[in-house]
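First subunit A sits with subunit B, and in the next complex the same chain sits with subunit C.
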Partner chain A sequence: MKIGIPRSLLYYYYYPLWRVFFEELGAKVVLSSHSAKGILAAGLKNAVDEVCLPVKMFYGHVLDLAGKADMIFLPRIVSIEKREYICPKFLGLPDMIRCLKNLPPLIEVDINLYKNNRDFYIAIKNIGCIFTKNHLDIWRACLKALQVQKKYFKLMQMGLMPSEALALIEGRVEDKFLPDGEKLNIVLLGHPYNIYDPYISMDIINRLRSMGAVVATAEHVSEKIVRNYAARLPKKLFWTLGNRMVGAAFHYLEQPGISGMVHVAAFGCGPDSMTGGIIERYAHGSGMPFLNLTLDEHTGEAGVMTRLEAFLDMVRWRKAACGT
Partner chain B sequence: MRVTFPHMGNLFITVKGMLQYLGVDVVVPPPSSKRTLTIGAKYGPEFACLPLKLNLGNFIEASEKGADTIVMAGGCGPCRFGYYAQIEHAILKDLGYDMKLIVLEPPQKHLSKLLAKIKELSGNSSWWHIFQSIRFGYQKAQAVDEVEMAAFRSRPRELTPGSTEKAYTKSLEMLDRADSQIALAAAKRNADELMSAVAVDNKKTVVKVGLIGEIYTLLDPFSNQYLERTLGRLGAEVDRSIYLSEWVNDHIFMGMVKGVRTRKEACEAAHPYLRHFVGGHGQESVGSAVNFARAGYDGIIQVFPFTCMPEIVAESILPEMKADYGTPVMTMIMDEHTGEAGTLTRLEAFVDLLTRKKEVKEALCK
Partner chain C sequence: MKGYIGIDVGSVSINIIFIDDGGVVAEAIYLRTQGQPIAMVQKGLKKLSGRLPAGSKVRGVGTTGSGRNLAGIIVGADAVKNEITAHAIATSQVVPGVQTILEIGGQDSKIIILRHGVVTDFAMNTVCAAGTGSFLDQQAARLNISIEQFGGIALQSESSVRIAGRCAVFAESDMIHKQQMGCGLPEILAGLCEALVRNYLNNVGKGKDILAPVVFQGGVAANVGMIRAFEQALELPIKVPPYYNVMGAVGAALLAREAAAKRGYSLFKGFGISNMKYKTGSFECAGCSNLCEVVQVTEDGKVIARWGDRCGKWSNAVIEEKIS
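And now, the complex of A and B:
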């Protein structure tokens, strides 16, 4: 059986886990194509105007899987941390996608860790039961998947981007570079599905790198540090990804050698409007150069490029001025 | 301590009544106006939703009137509202407004925190007194809702244009002035009389429109550009999916009061389309749309502030419901732009369409 996974949204976090899990259970995993104009166009056509860019992109990826996969894996990710959510759109995603026509059957399982972590294993069991009745097999697949997932997160915390970490896990590349500290250190903050999707973010990571910056993201910081720093807020944020961005931002603001911070938000994103405001306020407070980029489905790259170049120039001048 | 709170339609009548019953010094912010909105839009985060901006404007205007303490409700997500108070407070602080913030957070683990806050706010009144004040507030909310419902009925049928509006404003004033249970009972009777004294044409055929959506834009006439009033004038009888007293019953009394609509019913009706809560009133919106369609309403209008996440989910799903029941649904999104002509044109066209559809249907039935 071929299980389709959209290359979008939480793919950038949990793809290794689900791939190993499904493959261990004897299924084949099919990914949707890389984000591109055609995929976004299909998403735009089928989603309502008001949803944010990454969700429109998600629609496109799901439609791309029609005809390629026997089933589409589309869990309802309610919560991945205790007493936190992701975003209301994740909660309604399967129901929104179900309105699309001519799709293969969906694997809809609620993943809800709002109350406790045990519920994750119930979800795993429910998904596994589609493939086998043998609970031991499911358990074994789950353990192996979790192991790989742990490795993936570890690699990211060592400074790799998701695509590089994935390539390493799948044995596709030789150990290449790790960032050297001589260059300009720029922190890139944003939802993983925005900054790591090269089409949505207009390949911002590689562009920054080609302009001579070493890019650090929120995923490079360990969970524990993120939580500790995020606890400085007057009230805990109830969005897991927002919490990670804010915690990482606070952490980086205290690190020596960070030259600037770029925040990427999707147009109309609810959590970003709040967390972006918080990060900006603290960044200004500590005198950190801060650039806020809002992305939508317009594809003019020149504007983004100009702003990035101007930002880096400014950061360089500032650094030079401080040095002398 | 001079306490203020954000506006949301006629909410001020309830909250003011409740706090004054406790003997708290209350400063009601000036009614939301273009100035409020301008202030809010200027200082609020660009992509924050409309209610946050209006709240912010309300607080600044209230502070100009001498308020020094803000009472806000909290929340635990995933809707942005749960973080409003903290963001607004940080903005006010940056602007140099030194206001104390009391956030009533729904209890997650311990009830004691919430109770301590309530006690602080009430200036150490006895629990019995606090209970009485909540009951008084709830009764006011119920009375206000009844007046609103009466206005919904008589607006499209009134014989003298504007007579409903006059009676409505006067009734609300009377309810607002009532400061004790006895005075409230009298005010309620007078308001009832006043509303039923509006001359109406009972034989007139009117289209029925159900309003659904996000609670703030639904309850606050300023933020929805006086949607209910305009629809009434255009000859449509409206009903809302949310009333303040129902909300209080659902969320504060945990559904203790029987015999009123509850969110549970709405969520059950939503189940074929939306199987999980999505924060805010997203699931209730879908469910209420189903209920309105089943009750034979001619059309449904969904309102929500620009970028409201739960309602966007509902909006994505409503076409499915529309396909099953055939009830037209229109979505209106509110932001800080205040051009009324666009809204009016859309409403006129929608009501025209519904009227025509109804006529055709009735002609076919004969």
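And now, the complex of A and C:
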């Protein structure tokens, strides 16, 4: 059986876990194509108009899997952390997607760890039962998958981007980037499905690198540090991913050698407007150069380029002024 | 005379200036873009060469504005820089000690915050052009007055009417409503200026620390009604520098001076380019599902530049031809 996984949204966090789990249970995993104009166009045509750009893109990825997979993995991810939520739009994904025609059946399993982290195993059991009645096999597949997932997170904490970490895990070696010139440490914050999707983000990571920056993201910081720093907020945020961004931002604000911070927000994303605002205030408070980029479906890259270029000019200028 | 050329290719106007070695503006040409940037750059250069005394020498050229890359290819620029850096460089030269730059152009508006001669923060308008020159232009045309008279008439008002400034479409219907109620033209125009200023300060200037000296530049700074509205809203004196509408070009020329001095010579192709035949065109690359819109520029039938492709297949081909 071929299980289709959309190369979108939480793919950037949990793909190794999902892939190994399904493969251990004897299934084959098929990914949708890389984000591209055609995928987005299909998404825009079918999505409800109120959702953000990454969710529209998700529609496109699901549609891309039609005909390629026997089933599409589309869990209802409510919460991945005790007393926290994932964006409400994720919660409605299976319901939104179900209305589309000509799709293979969906694997809709609730993943809700709001009350108890151990509820994860209930979800695992529910998914596994589609493939086998043998609970031991499901358990074994789960352990193996968690192991690989752990390695993936570790690699990212060592400074790799998701695509680089995946390439290492899967034994593909990508062309390693060799930065030259004067280096600047720039922190890039944003939802993983925005900043790591080269189409949505207009390849922001590689653009920053080619302009001589070393890019650090929230995924490079360990869970423990993120939690400790996020706890400084007077009140905890509802969203796991938002907490991660805020915690990582606070952490980086205290690190020496960080020259600037870029926050990427999707137009129409409620949590982004909130976390972006919080991070901006703290960055201003500690004198950190800060840039907020809002992405939407326009394909003109000039706006993003102008802002990035001007931001790096400003950071370099400031650095030079501090040096003298 | 020896000096440097600065070219600012904006959405509404193209500004070409010539500065002498000391950075003093000797010539300034302001043309409407009229949707044909290349032809207007050629026309502007022809005009400039006619105005310069015989035996003048161009020691460097810089381009800026949204059409900076295109113009840079055509003229052979020494410096191609974003408009934020260009404006900041020019203004800090003309008004030493400037702390805030308000810039409103045809389709974008920006704020630049400087401290001790260094840019510390900036912002540009996001996905909406409501607070920019195009809107004033349009409304002036609708009321059948020339944009040059706009500010003068607004100044005649003793009070102003409140007009919603959030969105250009709503502002227009609000304006029509007030006009049908019998409000006077000066009051409506003054209200419009205040609405734009309110929108600008809420949107672009949000959270920025606006300190004197405040410099207002860009095409809209010609409007005395806007100057008064800014002074009232900020309760600070507003300075409008001479050559306020070509400051981007001045900055580009200053950057060219720096770049040409570093290089030791200039890349300027000479005034002869005003007689060359340039053609631009675009095609959709069918190489992958990205379907990139590739733009190419030809000079007398020879391809001199291509861009727009995400993978670099077309743009790199031109660079390789040049090297070989």
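As a convention for this text, the second predicted complex is superposed on the first by the 315 of 324 C-alpha atoms of A that agree within 3 Å, B and C clash if a C-alpha of one lies under 4 Å from a C-alpha of the other, contacts with A are read in each partner's own complex, and residues count from 1 in each chain.
Here, a contact is a pair of C-beta atoms (placed from the backbone, for glycine too) under 8 Å apart; a residue touches a chain by one contact, two chains touch by 3 or more.
From a predicted model like this one, the values you see are computed outputs, not experimental measurements.
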item	value
Fit-or-clash call for subunit B and subunit C when the two complexes are aligned on subunit A	fit
Computed vertex angle (subunit A) for partners subunit B and subunit C, CA, steps of 10°	80
Which of subunit B and subunit C A:309 touches, first, second, both or neither	second
Which superposed partner A:161 touches (first subunit B, second subunit C, both, neither)	neither
Touching partner for A:268 - first (subunit B), second (subunit C), both, neither	first
Partner chain in contact with A:33 - subunit B first, subunit C second, else both or neither	second
Partner chain(s) touched by A:321 [first = subunit B, second = subunit C, both, neither]	second
Partner chain in contact with A:203 - subunit B first, subunit C second, else both or neither	second
If touched residues of subunit A are counted for subunit B and for subunit C, the larger one	B
Subunit C versus subunit B - closest C-alpha approach in the superposed model, Å	5
Overlap of the subunit B and subunit C footprints on subunit A, listed as residue numbers	267, 281, 294
Subunit A partner contacts - residues on subunit C that touch it in the complex	66, 81-85, 116-122, 124, 126-127, 207, 288-293, 310
Parts of subunit A lying in touch with subunit B, wherever the complex brings them together	47-48, 50-51, 76, 78, 83-89, 91-92, 94-96, 98-99, 110, 233-235, 237-239, 265, 267-274, 276-278, 281, 294
Parts of subunit B lying in touch with subunit A, wherever the complex brings them together	45-49, 74, 76-80, 82-83, 86-87, 89-90, 94, 103, 105, 108, 273-280, 282, 306-310, 312-317, 319-320, 333
Touching residues on subunit A, where the partner in the complex is subunit C	33, 36-39, 199, 203, 267, 280-281, 284, 289-290, 294, 296, 298-299, 302-303, 305-307, 309-311, 313-314, 317-318, 321
